[in-house]
């Protein structure tokens, strides 16, 4: 890992150089809501944010993606789409959201590779921004790996250490991005490294909400039929806010949308909280109650996914807790699940 | 201030009845200023019930969320009642649903709260951000008393109240079985000032305003699911044959969704503001509903959710209506 | 080969056979890929499924009801129920649809060689079993005793009438048909499939039982199979779920941590008993 420092003065120039060669997506604030949008000028960026409302998964796994176009009807003509989005940099992504890509990779790879997600993933470089002030519901430290200032899942990590950023260039992609930047990036000193460690410790200490994820997979195995789930789910409205704002949720729907002469098969985000999610044409629904659906969502993240891919499908970003209209709190759910008597 | 002891005793008595399934109220949430719906199945559960100016949720959404599953052999339908803690606006939702025959009056037991207004979570979180521990908020005359990190703050009501509460004409429940405390006297009137200023804008300005808002929509349908009046078995947006709104998320479809939902609520929306509170993208949805509410009042001199005996406005036709036909 | 797993290949409907008429009509579609190479490379085993698209309407996951020993085409049996299946029923020979697959796991045709096989099907559930039965009959010498138990509501609901008529003539396959309610002219068994199973009384010795049909039928068939002495490892079934991608990505068809489109649709009873999840 190469370590540098980048003065805050020189940061706009750093970004301008990147914009010259890549499509850059960065946090842009608009009326109190921060979203990752494409920028043409470093002045559009707002780095005084805890996290974006909609996670950057929306950049690689787009909410609406056209799979291919066709002529509607029975004459059969398909027009394939170009899945390449061009060389992209996501600037200012938080370590938890970067971890979410590593988790989503498992789904979109495998026996059938998803070209829409994977081409974008290959062509995207992640320049992360460490969290110096985690928010109330952040709990990234409750998991085995990662943390507010972790460089584990990014290509380059910037950490604010006062008047400059501590820059860690991790991967080949990161090296490729920064290779022309030797005028801007100065090699880091030991003092800089120490400051970074201090900042990291401070950030970890700000996080006060925790849950125990050790052994949660086995514990959940034991309490599947426990009435505990009915109490959690009874206040759920079934809206889908948690799923759309979750960086690791990946459920989708495939629909054909047509006009008289043209058609496209599109993929859109879907939510397992919708009662019709598993409704079969015969009218049978294996998950008819909110209890089934809420339980399924928790198990998918903390039991099924770890069983299949050895990683918990939750990064502790806290968006679901911040935005749930009825305060269903995953930190409490997992903690209580761990404490339920078997 | 609501007497919480009286509230808890009432809940205890209600839930102990043989013909009551459970009672829905409020309890302290998991962090900061959060308050969450509480369900009491037994008398002990009632101890966690509270009522404070932070109790914003409209609990009238819960009776219609009950899933009616196919019955097993020999099993009988559970027709027991549901108890609900309702503020003024919440009770209007129940009245409107009874008008539409979604519920029967006997299906619910309403524990009424004379409401002096609730705090907008966005406002209080902006004033006191990053609160992890549960915070207590009490009322003291025209001020809210908030104890945060050991310091007591007194903030004027106007600064923190929901906009809807500032013009509330129905602070007392319009129907209820038991009232916790005395009725609140009010002289507030809805003047639709914010709607009138929007109405004055030119067509281009209005379109620009709403385009910016609907671009943000992520079609999570939190607005629909938090709304007590949205209880259709199959929502029009989920229908595929015919498909009214495409599932693609873009400005055109988002506009269609938000406008069509507002129209489906014409003459039915009781102005609780839950849609706007639930929306994660801060879209000012109440403006849409309030505009239609204003039009309905002006055209038909009708306010929804006041009288359970009345017939729903847009579902009836009287011989003396000014139009010759329903079109 | 397609590198885009969501993009179907084009196939022409070569022939349509009406199996059952009326409200819940069933038709068998014979599909031939437009590209000969794809037709030749489309290798599947009984139990596997395919996604058939009607461009403009959508896609559905169907079990391939023809056997891989039938070369040059694949067949799917479709019950008219929703948007896509109704549109498919309106199609005519010559129409072009999209096909992608084969997906899912298959029946263990290799591992079951030398065993006695009992097939228990009900209604449209016979479709995946038909692929297996035809495969086994085409490789008759590899397998032991064969019992085909198939039940429907009434004689009008019987699918694959021609094939059953021919199979009944064979001496090396035992065919047991039944209908639920008495009918004039019907001389064979009358009653539900689970009851018929007890009457046929297949021996569990060196046997494998495969069943597919309405959930309620599967439940009682498995109960009766256990009563007859079959163990959990000897009982297999094939399930269905609402599906969209068919390749284990959209997250919809899961039973616990298994996806019906990827880890199924064929499951042993032992697997199903031990997995937590709604089905």
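Residue numbering begins at 1 within each chain, and the chains themselves are lettered A, B and C in the order written.
In this text, contacts are C-beta pairs under 8 Å (C-beta built on N, C-alpha and C of every residue); 3 or more make two chains touch, one makes a residue touch a chain.
Everything quoted here is computed from the prediction, not taken from an experiment.
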Which two chains does the highest number of contacting C-beta pairs join?
-> A-C
Which chain maximises the distance between its CA centroid and that of chain A?
-> C
Interchain centroid distance [CA atoms averaged], chain A/chain C, Å = 40
Between chain A and chain B, what is the gap in Å from one C-alpha centre to the other?
-> 32
In whole angstrom, what separates the CA-based centres of chain B and chain C?
-> 50
Name the residues of chain A that each touch 2 or more other chains.
-> 253, 255
What are the residue numbers in chain C that touch two or more other chains?
-> none
Hey, which residues of chain A end up touching chain B in the complex?
-> 31-33, 53-54, 63-64, 135-137, 208-209, 231, 234-235, 237-241, 243-245, 253, 255, 257, 266, 268-269, 271, 274, 276, 288-290, 321, 323, 325-329, 331-332
Per the touch rule above, chain A residues touching chain C in the complex are 67-68, 70-76, 78, 80, 83, 107-108, 110-116, 221, 224, 250-256, 258, 263, 265, 267, 270, 272, 277-282, 284, 286-287, 292, 296, 299-300, 303-305, 307-308
Complex interface listing, chain B residues touching chain A | 29-32, 34-37, 39, 57, 61-62, 65, 67, 69, 130-132, 216, 218-222, 224-226, 234, 238, 246-250, 274, 277-278, 280-282
Hey, which residues of chain C end up touching chain A in the complex?
-> 3-8, 10, 12, 34, 53-59, 81-82, 85, 91, 95-98, 215, 240-242, 244-245, 247-254, 256-257, 262, 276-279
